[in-house]
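First the structure, in the form of structure tokens, and then the observations on it.
By written order: A, B, C and D. Residues from 1 in each chain.
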Amino acid sequence: MKKVDVAILGCTGTVGQRLVELLHDHPWFNIVAVAASERSAGKRYGEVAGAKWHLPTNVPEEVASMEVVNTSVREAEAPLVFSALPSDIARHVEPEFAEAGCTVVSNASAFRMEEDVPLIIPEVNPDHLRLIDLQRERRGWSGCIVTDPNCTTIGLTIPLKPIYDRYGLERVYVATMQAISGAGLPGVPGLLITDNVIPYISGEEEKVVNETRKILGKLEDSRVSPANIKIDASCNRVPVVDGHTESVFLVTESEVEVGEVKEVLREFRGEPQRLKLPSAPEQPIIVREEVDRPQPRLDRMAGSVPGMSVSVGRIRRGSEPNTLMLTLLSHNTIRGAAGAVVLNAELMLAYNLVR
Amino acid sequence: MKKVDVAILGCTGTVGQRLVELLHDHPWFNIVAVAASERSAGKRYGEVAGAKWHLPTNVPEEVASMEVVNTSVREAEAPLVFSALPSDIARHVEPEFAEAGCTVVSNASAFRMEEDVPLIIPEVNPDHLRLIDLQRERRGWSGCIVTDPNCTTIGLTIPLKPIYDRYGLERVYVATMQAISGAGLPGVPGLLITDNVIPYISGEEEKVVNETRKILGKLEDSRVSPANIKIDASCNRVPVVDGHTESVFLVTESEVEVGEVKEVLREFRGEPQRLKLPSAPEQPIIVREEVDRPQPRLDRMAGSVPGMSVSVGRIRRGSEPNTLMLTLLSHNTIRGAAGAVVLNAELMLAYNLVR
Amino acid sequence: MKKVDVAILGCTGTVGQRLVELLHDHPWFNIVAVAASERSAGKRYGEVAGAKWHLPTNVPEEVASMEVVNTSVREAEAPLVFSALPSDIARHVEPEFAEAGCTVVSNASAFRMEEDVPLIIPEVNPDHLRLIDLQRERRGWSGCIVTDPNCTTIGLTIPLKPIYDRYGLERVYVATMQAISGAGLPGVPGLLITDNVIPYISGEEEKVVNETRKILGKLEDSRVSPANIKIDASCNRVPVVDGHTESVFLVTESEVEVGEVKEVLREFRGEPQRLKLPSAPEQPIIVREEVDRPQPRLDRMAGSVPGMSVSVGRIRRGSEPNTLMLTLLSHNTIRGAAGAVVLNAELMLAYNLVR
Amino acid sequence: MKKVDVAILGCTGTVGQRLVELLHDHPWFNIVAVAASERSAGKRYGEVAGAKWHLPTNVPEEVASMEVVNTSVREAEAPLVFSALPSDIARHVEPEFAEAGCTVVSNASAFRMEEDVPLIIPEVNPDHLRLIDLQRERRGWSGCIVTDPNCTTIGLTIPLKPIYDRYGLERVYVATMQAISGAGLPGVPGLLITDNVIPYISGEEEKVVNETRKILGKLEDSRVSPANIKIDASCNRVPVVDGHTESVFLVTESEVEVGEVKEVLREFRGEPQRLKLPSAPEQPIIVREEVDRPQPRLDRMAGSVPGMSVSVGRIRRGSEPNTLMLTLLSHNTIRGAAGAVVLNAELMLAYNLVR
């Protein structure tokens, strides 16, 4: 199979760096353009990204030598465009690419909640991709924009899916302990996060609530009606480099049985597994039986594709028969961001949705 | 007023160190004995505790030169005995002191849930001290044992009290982010907690559930009937030195109004404030209006008596009218442990309950 | 004594916050103006600084309500002006104040190495203040600029002084482990410093070398000739909130004796102690005998004036008779910055050098 | 080639865990026994080690199911024995294995400084293996003990070797910033290392001094005469999970030229590279040109064999022509411990020294 040419928009941030790491030797994709703000344009990628590289791998040589271009259609057009742009920039840049016929797989929040934009976790709601038809019709684009959810939402929604399908869900309370890398670069000052917890992340709680309901919603008559689940979230930043931990309390519709819940989670598979997509972990959900797992430092790279599985542990019943408690952990810049767009792109290619 | 002679059992651990710090120049108390395990007995306190001192103050000179004695009635008897013993040792040592006529104010969990043992937060349930009569009658002791709750429970129950009184409480979901000092010394290995979250603390969740229900319970006919509140807790350890943060979700009986909740919390006062006890903060609860407070590094020493106030912030309604969300922060080894026993002792002295 | 009116330039950064903390109830000074960049001017200090306050104390109420003004002579003139400005801004702003007759005590590096500008540690080289005469003569100012050294230099030079006087110094090798607060705000990203060491701090090593030589230099004919000591520094950033630790290797001119070195350090006193300045610690240097001290978390607030003493430990001979090794610790934003300018100002007031 | 059967003594500690990780699918070795203290003996390895596993990989399945045996010749004999025992236990256990004919490759410090025991870094002093003859002759063993140096020494001595050979060395001053994993488990309490530096590691500085001199020493007439270099070390613990950073000041015999030093380091190769040993990194030393590298979080896993290369950066001249400054970084439990014994074992096998 000939590799598909791809561009990366917003290539120097924490998610952009991960995208470069995941895509530079991807079996299906071929990086032809790395784009960033004007400040960086014209310089070598190695020079620009090297100074703030945060990964324990070197900048891939073949990308390091590429010249960074502007985030414009003129300079960065490609059949497939990965966007790790800040939301305010994504809002006006991504449509230009979609209009020019590009398939934009975006990690930005700008369009996630638009009625005609698919918000996709490939294992959970691949059918929502059909919103593309509505999108093209309405906007007159030959390309399209497909989004992935917020990092916290992804980690939460993957295990919620099989539980929702099996038991129904009335109520979700979730308290998060989120990694520093989720705030990007420069992000949270070291002075403010060392020996500390910051109990607030701007906009995060609303995203968790709204995105989760959309993803678990039903596609009917080319519209998604959000799942009727009441969700409350409390988002905290903790001094952890990578990996979001979430303490989850669930009120289900029917009574839960812990052993069965574990089985349901363990056996959960989706389209990426069926299609054997390159970035699909064999098990989307890894159930841990140890009393003190998952832990971010130990489990964030879990999965046959490192960082793509969600680890779930401490599964136990609450103080009523239809309540369930669990702790989950997912890598916020891999499964929760860069890996998420890559998996979306792979799904669309497998579905023949990339022109 | 002549100072009351006091002994400290378990004087070298993290809570014992705090007790020495709080009591060495206390206006009402006079340390006459510092007791620890046989390994330490016979040595100077400065020598034993100095090697693992974790506080940013020096070991008080007058205590540093004291000889550590064994935790036995023979060596450490005093009218008032502060116990920071491990629970398994407290179980057989504390009764010996109570039998010998000492008033034991204990931070150990050994007797907290016994029917005839008061589990006291002075601002919340000072009336439960009347259980002492039952205790003495039953056990034939001339002294007594009075306990304080687990550190996480204290931080939670203080703000729950005025909310419970005003709105009623059906349901409490709480996810904690607890400091390392809560695990004592050596406690959690640095290798396991750096860049990490450990989503489990042995026995902690049960304590939060049961102790909170007992403290908020009603004393009737010299028995405490636990409050009928359903509580679920998920306890996590985070890389923070001091200060437990808790994300709390409440389902109240009647509808809440956020502005009123803040007022109710801000104006909450109890017996320690009325009696102007030396360790009583002017405000037991400090309400923070900033969107990103409380934070452990900034707020753990809050209060007119440092570390004795609970900070509460992010007070907001959840997705239903009778749900309330908030984040609280309390110093786990001061208000949550050493300061708690000291305040209990002060209350008992003010009530003339120390013989 | 009537308090002297003072202004604070650069009032919102980490050093500016410390200055507000140290000056708001200072016995000699009265804050009349808090100045910052245009972005902040016109707003209340509480509003501007509160959002990035990093100290475990609240913004002092009386300052919180002050309006922040521009860093211009027109808006912020006062007899005594404390500058915590970034160096590039200090370079053109401080002279304007000096020209207008203000005594500028500056923490900025802009003028430290100018031949006619005193670089002062009050315990070490108070006589260098006489450079003011040269400065006024040359520049035609009625006011003046007096600087304090870089935070790392201060911690190093205070214990070097008595050793230099007693034994002479040929060589200094120093490797530092510097706190995050030294980089200001936003400063070092949390993502880059967590679980990490950054072995480089821009410009820092040159400052340590040159400033130390100037401070230990001799004032002759109204010129300072730098001390003839060879100094090599290697500066590292570590995940510590406050407190710079330095591993120091010394080659002295005459043979050292460890017990005597300790005594020389312990008994070191200077003008601030003689004059009993309000911010002078009783002991500028605290010698620790424990094998594993000083430590930043335990010792940074050391001293009778918290954070103003330098702690020195692990004093031992190296592999030759005229080599000495030690570890020192000083609070980088108190003794190393805000407290340093305050002590300079107190010294000048005591010397009648403030007009 | 048939794999050699190996035993691991001290299999549950931090180095033991790394040994299991490195050996369980090693091309030359086959784990036949995992031994630990009596407390663990008789249980499955997965059960014992799992509870304190600190690596972000799972316990290898084939080892997890093995039964842990006692550290006795009777239970753990094998042609090749890897020892990660505590030094006091190693002292009496390792000789029993050597006497029984086993080749013991040891990470313990017990025998490192014995005159007839090789202390080997394969790239630096492979010829010292000839001490085995002396050892066997003297002790009457059919097996032998071969040791590797302390983790800090290894990182230091590898880059010192080519510099020593090219320029000679008079003086080494080294200040270290060592990772928490170096202290094993439980090791340093989290409460004591968070937001802190501990400026002392018991016995470490003596090891750095003495071991470095032995390794760089000359083998003459089957004796090693230590290199005549004066070394002073100051060892600090910092809040970093893995990776020791060292700030090094060198006084060479002849004048250094920085560009040449870099070349000499970059081109350094040894026996492991010549023999293409499985654990030999292509480049023992990686020279970093960035101004702020090496950093532990980014560079500890450097090398074609992850964690086996030493990264060296900030190479610059000091204040005299024959002084050189640099910062180095090596993975303390891989190149500095488990990987070191594995490489020693590989070298001995390649040399036909394993019976």
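One rule holds for everything that comes next: contacts are C-beta pairs under 8 Å (C-beta built on N, C-alpha and C of every residue); 3 or more make two chains touch, one makes a residue touch a chain.
Quick caveat: nothing in here was measured; it's all calculated off a predicted structure.
Colleague: Work out which chains are contact partners of both chain A and chain C.
Modeller: The common neighbours are B, D.
Colleague: Can you check which chain pair, B-D or A-D, has more C-beta pairs in contact?
Modeller: Between B-D and A-D, the larger count of C-beta pairs in contact belongs to B-D.
Colleague: Taking each chain's centre as the mean of its CA atoms, how far is chain A from chain D in angstrom?
Modeller: About 40 Å, centre to centre.
Colleague: So what's the Cα centroid distance for chain B and chain D, whole Å?
Modeller: Taking the mean C-alpha position of each chain, the two centres sit 47 Å apart.
Colleague: Multi-chain contacts only, two chains or more: what residues does chain D have there?
Modeller: Each of 54, 194-195, 239-241, 297-298 in chain D touches at least two other chains.
Colleague: Which stretch or stretches of chain D touch chain B in the complex?
Modeller: Per the touch definition, chain D meets chain B at residues 14, 52, 54, 180-181, 183, 185-195, 239-241.
Colleague: Across the complex, what residues on chain A touch chain B?
Modeller: Chain A residues touching chain B: 173, 175, 177, 194-200, 209, 230-232, 234, 236, 238-241, 245, 247, 249, 291-298, 313-314, 318-320, 323, 325, 327.
Colleague: Name, in rising order, each residue of chain C that touches chain B in their complex.
Modeller: Residue positions touching the partner: 50-51, 53-56, 194-195, 241, 290, 297-301.
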